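Look for chain A in each of the two complexes below; its partner is chain B in the first and chain C in the second.
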Partner chain A sequence: MDKEFINSYNDYVDNGNAWFNLNPLSKLCICLCIGLTAVVVRRWQYGFSLCLLYCIAALLIGIFPRFIKNYFAISIILFFLTIIVRQFSMKEPDFTPFINVFGWQWYKEPFIAALNIVSYIMGCSGALLIFFQTTEMRDIMLALENRGVTHVASYIMLSSMQSVIDMRKSAETILESQKARGIETDGNIMVRMKAFFPILGPILLSAMSGTEEKAIAMDARAFSHEGGHTYLRVLRPISKVEYALDALAILCLIASIVWKVLSLTGVL
Partner chain B sequence: MKKDNKLAWFLVPIGVAVNFIFGTLVLMLRLPIYLDCAGTIIVAALCGTWPGVIVGLVSNILNAITDPGTLLYAPLNMAFAVLAAYLSKKGVFKKFVPTLISSLGFAFIGGVIGALITWARFGFDFGSGTTSVVVLPLYAATGLPKFICQIIGEFLCDLLDKVITVVVCYFILKAFPTRFLSKLPLGDIYISDEAKALEE
Partner chain C sequence: MAFIELKDVSYKYPYTKDYALQHVTCSFEKGKFYGIIGENGGGKTTLCNVIRGLIPHFYLGKLEGDVLVEGKDIRDWDTADLCSKIGFVFQNPFTQISGIKPTVFEEVAIGLENLGVPKQEMLERVTNVCEQLDIGHLIKNNPNELSGGQRQRVAFASIIAMDTETLVIDEPTSQLDPEGTESVFNIINTLKHSNKTIILVEHKIDLIAEFCDEVLVMENGTVVCSGLTKEILSQRSLMDHNAAIPEVAKFGHAMADAGKPLAEIPVTMEEALKLVKERSAR
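Here is the complex of A and B:
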């Protein structure tokens, strides 16, 4: 037997760089705490600074193109819609005129309120996006299992991800097959609606029949066994540096809460 | 007959995939609906509250990978599961008209819980989703309190989607093979009287 091959399963998971290799739970702690500071502070200056920080971090980690594409997609509509909606929803006579957009007078206060909201949502989303883009779901679930979460949770999570991929493929195949059989998938809304059901049936029934087989196959592989399980991946134990980073992130969150309380009570 | 509760847990990933795929399919066919909770309702109706709640939660967690904001709306999907399991036990999804009426309940949950979440998320003011197309003119025309407008807007936007969702779920539940239904915790409800008589 090839020893190198066997040992490859005993080594710690190596994902390429230091950030990727952090334990998923410490990474989640860091990202969540930083993201929550944006929710607590709710100032556009802070929120947008965080967004810039995320972009720099994504560049350093090596996920910039993927990150910016996704971040841009979830932020752009939110950004413009919130600004426009606030101009309609906040109306007071003493608001300060700000700019005139093709004859439509915008006011400063609703504009700032919109920026504060968008920046906190983007500030929080960005941190979680970095977490999800740099952590594999199987590593998150393995870290949770190491902390005592049941293996059924891991199965549900990972199998759901795989099922989505499998079912999307089968949906495309069935859609093409039904088109080939002559079912109209283009045309007015009623025509498209009618096409919907002949596609649903085969997708669901094939998935359901697969479920029963999967249940038997999993049981044959001791899925329901209550004893310890073995893993093909081994996560690096949480180092002291990681604990320090987690503590720092929690401190940042506490500091932001203190700052918020003091500024709300008028001390700052 | 002994119920295989494990099978219920194996159905959870299918429920999650159905939530996603129906969403993709309506996009492919360019239909003006979401259908993103059909999997939650089907699993809750067949397997009970908890598997349904898990489907709702997992669907939102997987959605959060590309849009973390959707995580906030997980309670919505979970509440749909609780209602679906309750209605299923009452036999609502066995008949077409009660099923159709149940869409009001789902739309109400979507309206109230959805509005509460949106309200809190957007600093206790109008949200900036697709519902703002209904909410803003409603607010301008009626002058009702903003929160009430948000609830009405979300309810109206949700209603059409939920009517189609429950109709789809009704036909899917009807199409399930008896052999499979008999193994699921709430499957007995959907086994036809003829099939039961045949078994006896």
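Here is the complex of A and C:
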């Protein structure tokens, strides 16, 4: 038996590096506050600077490949969609011509407005993406349980996520067996839909019938025990540095709100 | 004193007309290994649910008679307290995994976490159980990605780790391949020597004959006979109640029918070999 693995439970949860090891709630606070500053500021210069910062941060904490893959996919779709919608929806005679795309005249003002929207969405979503890519859901729930959330709520959250995976697996199995019986499951979207919709019923029913047995299994594992629970995995306690980082992130958010208010009231 | 006692127990599931259990009276003593056999739909699983307290706490319906665990009525037991007395492993290996733990080691510890067992003790107990059940090589694996047999072993491990005095095991091998079945019966063999009370529902009659001290035979929601394993399983009349008897018992009866009776009707292979040797030596 792997003694090193067993002994790892004697220490606090170690997820690899300093950022990963931050308490999930501290990490959430930092990411949320920084992300929200983008929403408050709503300037493309700030938003895109944050995007660049996220890329550097992703590189430093070792998640750059998967971060950029997801972030890039979101960015491209959002970027073009928003710009096109803005170019169509904002029409004023005094707009400044910007560029001409295959005979379609783009104007500067809608383009800047679109950039501002894209930048704040990207500025906010980038922070959340980093958070979720560096924090396991079970750690989030464990941190919440430590803060008083019931283990029932935690279980519901985690098992719902597992149920989605299980249902996808069982859908794949059913589709494979349908295919083996000669039913067309591959092809255009209509063919796929025709194959997929009839199996939704059985998938949902089997998931529901499994729920009863799962409840019994959990009952046998003392799930309804009212006394205090203990945990095999223990999260690192929140350090002073983490508190300082949280405070700094909150201050950034407050500063951005103050700046926004002052700029809206014409003081700045 | 009997650890679990049922007195004239009848039970009807909600929205059903017929009783699933009818006037069942039986008792289970500490440290003994009981086998429950009988036809499908005979009430074996319902009896397990009553013993485990799922009836009336989980399944509603109409429960009549007395079910006593340590002399206290099952209706008065708190389900959380009951699960630290009676462990329960059932048929489906796929629904017995919590689904929220990423490693087998953590899955085995889930009951102990819920009971609030201190971490060091938890580590020791889980490590010992994993060694005992020979799942040490699986501890880092994701329980959701194991085979049926492996999952059933993990389910056993998580219940055994809770160290309950009694284990109710309902058809643990019904969905397993021969290899999985063998590994589960290796676990049951280990449990037999742990001085726990074990109540096993199983169709594999040869295995019941090998492991159990006493047997209950169920038919149409009633206990049609009960007693020492050898006495019960050697009876040919068992087949009239749609229950099987061991192959070696059939062989013993066939020998008797052929006018070449063995000294007694064997119920295990070991006994049969001994009796045949004795007869040959005569």
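The rule we apply is simple: the second predicted complex is superposed on the first by the 248 of 268 C-alpha atoms of A that agree within 3 Å, B and C clash if a C-alpha of one lies under 4 Å from a C-alpha of the other, contacts with A are read in each partner's own complex, and residues count from 1 in each chain.
Just so we're on the same page, a residue touches a chain if its C-beta (ideal position, glycine included) is under 8 Å from a C-beta of that chain, and two chains touch if they have at least 3 such contacts.
Everything quoted here is computed from the prediction, not taken from an experiment.
Asks: In the overlay, answer first, second, both or neither for which of chain B and chain C A:Y9 touches.
Replies: Second partner only, chain C.
Asks: Regarding the shared-chain residue A:T230, is it in contact with chain B (first), chain C (second), both, or neither?
Replies: second
Asks: Identify which of chain B and chain C touches the larger number of residues of chain A.
Replies: Touching more of chain A: B.
Asks: Which of the two partners, first being chain B and second being chain C, lies in contact with A:A215: first, second, both, or neither?
Replies: Both partners, chain B and chain C.
Asks: In the superposed arrangement, which partner chain does A:D166 touch: chain B (first), chain C (second), both, or neither?
Replies: both
Asks: Just checking: does A:F102 make contact with chain B only, chain C only, both, or neither of them? Give me first, second, both or neither.
Replies: neither
Asks: Is A:R138 touching the first partner chain B, the second partner chain C, both, or neither of them?
Replies: After superposition on chain A, A:R138 lies in contact with chain C alone.
Asks: Which residues form the common part of the chain A surface touched by chain B and by chain C?
Replies: 155, 159, 162-163, 166, 214-215, 218-219, 224
Asks: Using the touch rule from the top, collect the residues of chain B that touch chain A in their complex.
Replies: 4, 6-7, 9-14, 16-18, 20-22, 24-26, 28-32, 54, 58-59, 61-62, 64-69, 71, 121-123, 125-129, 132, 136, 139-140, 146, 168, 171-172, 175-176, 180, 183
Asks: Inside the complex, what are the residues of chain A that reach chain C?
Replies: Listed in rising order, the residues of chain A that touch chain C are 1-2, 5-6, 9-10, 138, 151, 155, 158-159, 162-163, 165-166, 210, 213-234.
Asks: Can you check the complex and tell me which residues of chain A touch chain B?
Replies: Counting only chain A, the residues touching chain B are 42, 70, 74, 77-78, 81-82, 84-86, 88-90, 113, 116-117, 121, 124-125, 128-129, 132, 137, 152, 155-157, 159-164, 166-168, 171, 175, 185, 189, 192-193, 195-197, 199-201, 203-205, 207-209, 211-212, 214-215, 218-219, 224.
Asks: State the interface residues of chain C toward chain A in the complex, per the touch definition above.
Replies: Chain C residues touching chain A: 52, 54, 58, 79-80, 83-84, 87-90, 92, 94-100, 102, 105-106, 109-119, 122-123, 126-127, 130-131, 136-137, 139-140, 144, 155, 158-159, 162.
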